[in-house]
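Each chain gets a letter, A, B, C, D, E and F, in the order it is written, and its residues are counted from 1.
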Amino acid sequence: MRHSGRAANELRPITLETDVNRYAEGSCLAKFGNTHVLCTATIEESVPGWMKGSGRGWITAEYGMLPRSTQSRMGREAARGKQSGRTQEIQRLIGRSLRAVIDLQGFGERQIRIDCDVLQADGGTRTAAITGSYVALYQAFQLMQEMKAIETIPFVRQVAAISCGIHKGQAIIDLDYEEDSAAETDANFVLTDDGQVVEVQATAEEKPFSRVEFDALMDLAIQGVSELAIAQRNALGLED
Amino acid sequence: MRHSGRAANELRPITLETDVNRYAEGSCLAKFGNTHVLCTATIEESVPGWMKGSGRGWITAEYGMLPRSTQSRMGREAARGKQSGRTQEIQRLIGRSLRAVIDLQGFGERQIRIDCDVLQADGGTRTAAITGSYVALYQAFQLMQEMKAIETIPFVRQVAAISCGIHKGQAIIDLDYEEDSAAETDANFVLTDDGQVVEVQATAEEKPFSRVEFDALMDLAIQGVSELAIAQRNALGLED
Amino acid sequence: MRHSGRAANELRPITLETDVNRYAEGSCLAKFGNTHVLCTATIEESVPGWMKGSGRGWITAEYGMLPRSTQSRMGREAARGKQSGRTQEIQRLIGRSLRAVIDLQGFGERQIRIDCDVLQADGGTRTAAITGSYVALYQAFQLMQEMKAIETIPFVRQVAAISCGIHKGQAIIDLDYEEDSAAETDANFVLTDDGQVVEVQATAEEKPFSRVEFDALMDLAIQGVSELAIAQRNALGLED
Amino acid sequence: MRHSGRAANELRPITLETDVNRYAEGSCLAKFGNTHVLCTATIEESVPGWMKGSGRGWITAEYGMLPRSTQSRMGREAARGKQSGRTQEIQRLIGRSLRAVIDLQGFGERQIRIDCDVLQADGGTRTAAITGSYVALYQAFQLMQEMKAIETIPFVRQVAAISCGIHKGQAIIDLDYEEDSAAETDANFVLTDDGQVVEVQATAEEKPFSRVEFDALMDLAIQGVSELAIAQRNALGLED
Amino acid sequence: MRHSGRAANELRPITLETDVNRYAEGSCLAKFGNTHVLCTATIEESVPGWMKGSGRGWITAEYGMLPRSTQSRMGREAARGKQSGRTQEIQRLIGRSLRAVIDLQGFGERQIRIDCDVLQADGGTRTAAITGSYVALYQAFQLMQEMKAIETIPFVRQVAAISCGIHKGQAIIDLDYEEDSAAETDANFVLTDDGQVVEVQATAEEKPFSRVEFDALMDLAIQGVSELAIAQRNALGLED
Amino acid sequence: MRHSGRAANELRPITLETDVNRYAEGSCLAKFGNTHVLCTATIEESVPGWMKGSGRGWITAEYGMLPRSTQSRMGREAARGKQSGRTQEIQRLIGRSLRAVIDLQGFGERQIRIDCDVLQADGGTRTAAITGSYVALYQAFQLMQEMKAIETIPFVRQVAAISCGIHKGQAIIDLDYEEDSAAETDANFVLTDDGQVVEVQATAEEKPFSRVEFDALMDLAIQGVSELAIAQRNALGLED
């Protein structure tokens, strides 16, 4: 039994609220239980120098945590003068995950910047960030479509992410902070709605784990992401 | 007539929502119209080295803007590796304003950190930050009182802040971004609920202004802050 | 009685020595008693990128203190690798104060850099810096006039600055370090020679102060700045 | 057919040369074909502050590339003033991978620093770094054993790493730079000698991949790591 | 003939003015013609951590140039966020030069910080800095002697510095900026008053030079430093 | 007698191994005994902005030490976020030394970057770096000649470097770390093969030294460099 009463394969309550920022071209407040991540998409009418003339666009992401998004206050990265290795890892992951399911030639030489800011953290911030960013980015593409800047939404597939782990010997999904801290194994899966793999990161926290255990985690993740994908389509008002 | 239809002496809709963060010892989401600032208070059980043994506590503040809190996206300070001069000015102002109305000997050798993060900016972010920080900090003191760490709330006075400016020749209060950008004069007043001065910063944007004009701004500010002070007490459930 | 024997409304001995640097287009060593600030003006034949094609010029300022300009040695900002918040506040203030009294269209697309370096500090370094910078900048404009680069000096008004404060319950002008450290209230006034306001910054150091006290400070400042304005004209050899 | 003539499941020539640094407590020059990584282990007689008194030791790793280790020269990170996100990701990975197979209570309150410096890069630098670091660290433990600082080598398992990928539709192992640049999928496996998982990182470079493909990569990796494990034992002169 | 009319072995007018800073324990404004360097000595009652308990003191130096000390304005190092390689070279040289002629056990576990700030630069700033620092430091020792903190001045020898160079085929001393820019060879000599060598740095600017030329430069330097040594003793009021 | 058994004027075993990097346009692993420095030359088809249109090329150098190249591990400069003053001094020295013996108009508007990375340090790393860089750079020029980019090698002279010092009262050459740490005087000579001076840096470590001693050091250096010059020609396969 999980401390929250959830079943092993049960996600926390998920909400993906759109239109939460009056300026951004797309925005989504992704809540996975007490983890709240504000995602915005900003369209820029030019690409980085090394891409000019390529006919392709680019998606990039930045990630940050408010200092008191966590149980103990974290130092503010802007004040310390640099982003931690963890922050950089996560923002690189978000950008890669989105780019892998987009036709980069489908929206011109534009750059879209995703900002994921964690207002409150209770485990799984990177997975909530990816899941919410998909929604914010989709909205930005819809806006471009309305403005006749593009004809079709360049997403080739739908993408979302979820964490899984081995906790007290049991494979569970969508770990909260308390579970995450105590897990023997921690894995993040970025998958498409039909269970294809975009990115897998699995880490033995204390001791190596078996391939059988790994497979159990992936089973959970495939099911969880298919649920997240429905929530994304609902948030965007897309027919299922 | 102001573009929003407001009277010269009319504040935007003000809301001060408390308990918006499940970890912080105090928290307040201050909204001045479309300007939204999330304020949290974090209690630390020690003071900076130079204060040890003084028997006094300390209040310090940090300020940040989410990159897409503004109409055009701003670079993320954590990514650029430093806080701008404007950011530093504002966070120093917030800390000074709070310390000026607190008995620093009244809460032991503790440091309380205020974080003010702008989720959405439409002018007046520093005044919303100060007004909301008062509430978040008050809550932190209430918590300390409940925990028997202090006997009385060490606030000596109540403090809030509001901007005023000369716009098209007229003195107006609580400027939004559009007004602020076009104002001839820009002033921020940090005042007590009974109209005492904590901090005044007035700047001629294009040309110097007269003492008579300055006095008109201060008249507006005193009235506006008394309204904000009521909102603060309501938010805190204090009897008036 | 002030510890220096000065009357409440009495400035320290003021000297504004020009031509103190053989390379700069304008230079002034401003002394307010033991506070000595070296101000230079450097003309650059281009403006920052965002102003190109605007037909306007720009004035910017930088401020620094020699490490041993103060009673206790301060760390060198170049060695620490960043400018303090205080330094940035002051240099932004100097630039704004000068720009507010200049016709930016009156000297072409040029940038003039003001450098204010404190050789010795005994309170009031920012006010000495503004007062001296006016002189250095005026000289730079005179040089441009001689070179036929401009026809008229683009200063619309004359500007100077002075500090005032409440010390032992009394409003006094031009505080030295000892007075400044003990003052209950500290205010800096940047004014024109005829008493118009360019910038006001007033701060309650320990407890809020009344509007009556604030008005007394401004009365002192208007008188003091009119004296500084005469010293500026004398230094520049301008007829009164 | 691979451009090098290798079979899909064939590693490049692997050499793990020890005693390549006269000062380090352990050292190994790991060569995976033209990828050459110099790994050293440095024992420090204290742990980071947050671990003091815990009775446990710590392993940390740093990673760097010589500027001309690559085909086109890369900027020197020391000159640019910061480590890239990629560098930080890799050095965090190396540290985690080693710690996962070590009994941290088995070598006292000491910190061992692993340095992995890439002399020449032709794909797979992080996997060579992990594989070589195991050897260097093992030597450091052997030295501690000789010095009677520890009784037994605290490695619980043996660890090595290898990259696999889908290239032209085929699952292959130990990609060189040319293959890596063109791969559709890129995965790094950190495994124990008996095929347990320490860390998996799989990334779809251009389009998502199937679970079947993922499984093929893991099959290759398990075989490859078992070969690397033999090379490690040989390098260390351990009986098989 | 030199453009200034000076003879090949003729120094510029040298003045070493003391007591130019009201706070420092020692101060000297060293002028070598139009090169003006302000040197201060600050006594600190502790040494860096690595020297604690050694019974020895330490001398360290910092060097900086005001932005408009030069013909074209230089960027401010504090604003750029780092000291240039040249700055670091020079401040290391100043510290080494002074330490080489001092008995570090002769003034207790104290650190004396030398600050050399160039107010105006016309070649030879590092040699003026060393020459003036000797005077400022001597004064600081005199003050310690007066305060009974030390019995004797711990200078073992007197030290000063001068530049020499080959210019239009001729060996000359104390080059100004114009000569320095055109010199074929540039050398800085830090010597004792009796011609012993503390530090020599000689650089071929365009093409290598002969040992005979080098010897001619050293001949000039020995004579020049003996003149500077007299100026130092005069500035300090020491009998010759 | 030196601790290594070497005669006062005897170099350590010198090897200059070429073609040690498969990507660089020139490379040399310079070994002076246990000091091992990897030198590479990278040709870039453009010069820094300030040289464009000058018709001249440029040589620049960077220097670094692997963290465990030394007896005690040094902090990694990339991790600390800046290069030390010592590093900057050395890389500036290497660049100047090479440029002084090259016709900068002889290889077009190209920049050649020299990287000197110390794999193992036992005294004299900068002299090994200069000596090896000459070889790597020569190879790069040879490559340009083969590619018909230049007609003749633009080296005007041959350059190498060696350290000398006074140790236990005796002038010795090519000090190892143990000797260097105990030397009373430390000097580095960058000379041409026929004994012309490119750069001399001599430093009294503890007390000033005499001109006679200095001359003895230079005598040793001239002999030593002539031996290094032969080794360079041999490494390059040039007829003597």
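Keep in mind that, in the parts below, a residue touches a chain if its C-beta (ideal position, glycine included) is under 8 Å from a C-beta of that chain, and two chains touch if they have at least 3 such contacts.
All values reported here derive from a predicted model rather than from experimental measurement.
Visitor: Listed by label, which chains are in contact with chain A and with chain D?
Guide: Chains that touch both chain A and chain D, as defined above, do not exist here.
Visitor: Shared touching chains for chain E and chain F?
Guide: none
Visitor: Among A-B, C-E or E-F, which chain pair copies the contacts of A-D, with over half of them the same by residue number?
Guide: Interface equivalent to A-D, from the options A-B, C-E or E-F: E-F.
Visitor: Between chain D and chain F, what is the separation of their C-alpha centroids in Å?
Guide: Centre separation, chain D to chain F: 33 Å.
Visitor: Centroid of chain A to centroid of chain F, CA atoms only: how many Å?
Guide: A distance of 51 Å separates the two centres.
Visitor: Which chain F residues sit where two or more other chains touch them?
Guide: 81-82
Visitor: Could you give me the chain order round the ring, chain D to chain F and onward?
Guide: D, F, E, C, B, A
Visitor: Can you tell me which positions in chain A touch chain B when the two form their complex?
Guide: That would be residues 21-24, 27, 34, 38, 40, 42, 44, 62, 64, 66-71, 73, 76-79, 81-83, 87, 113, 115, 117, 119-120 of chain A.
Visitor: What part of chain F is in contact with chain E in the complex they form?
Guide: 82, 85, 88-89, 91-92, 96, 100-101, 156-157, 191-192, 195-211, 213-214, 218, 222
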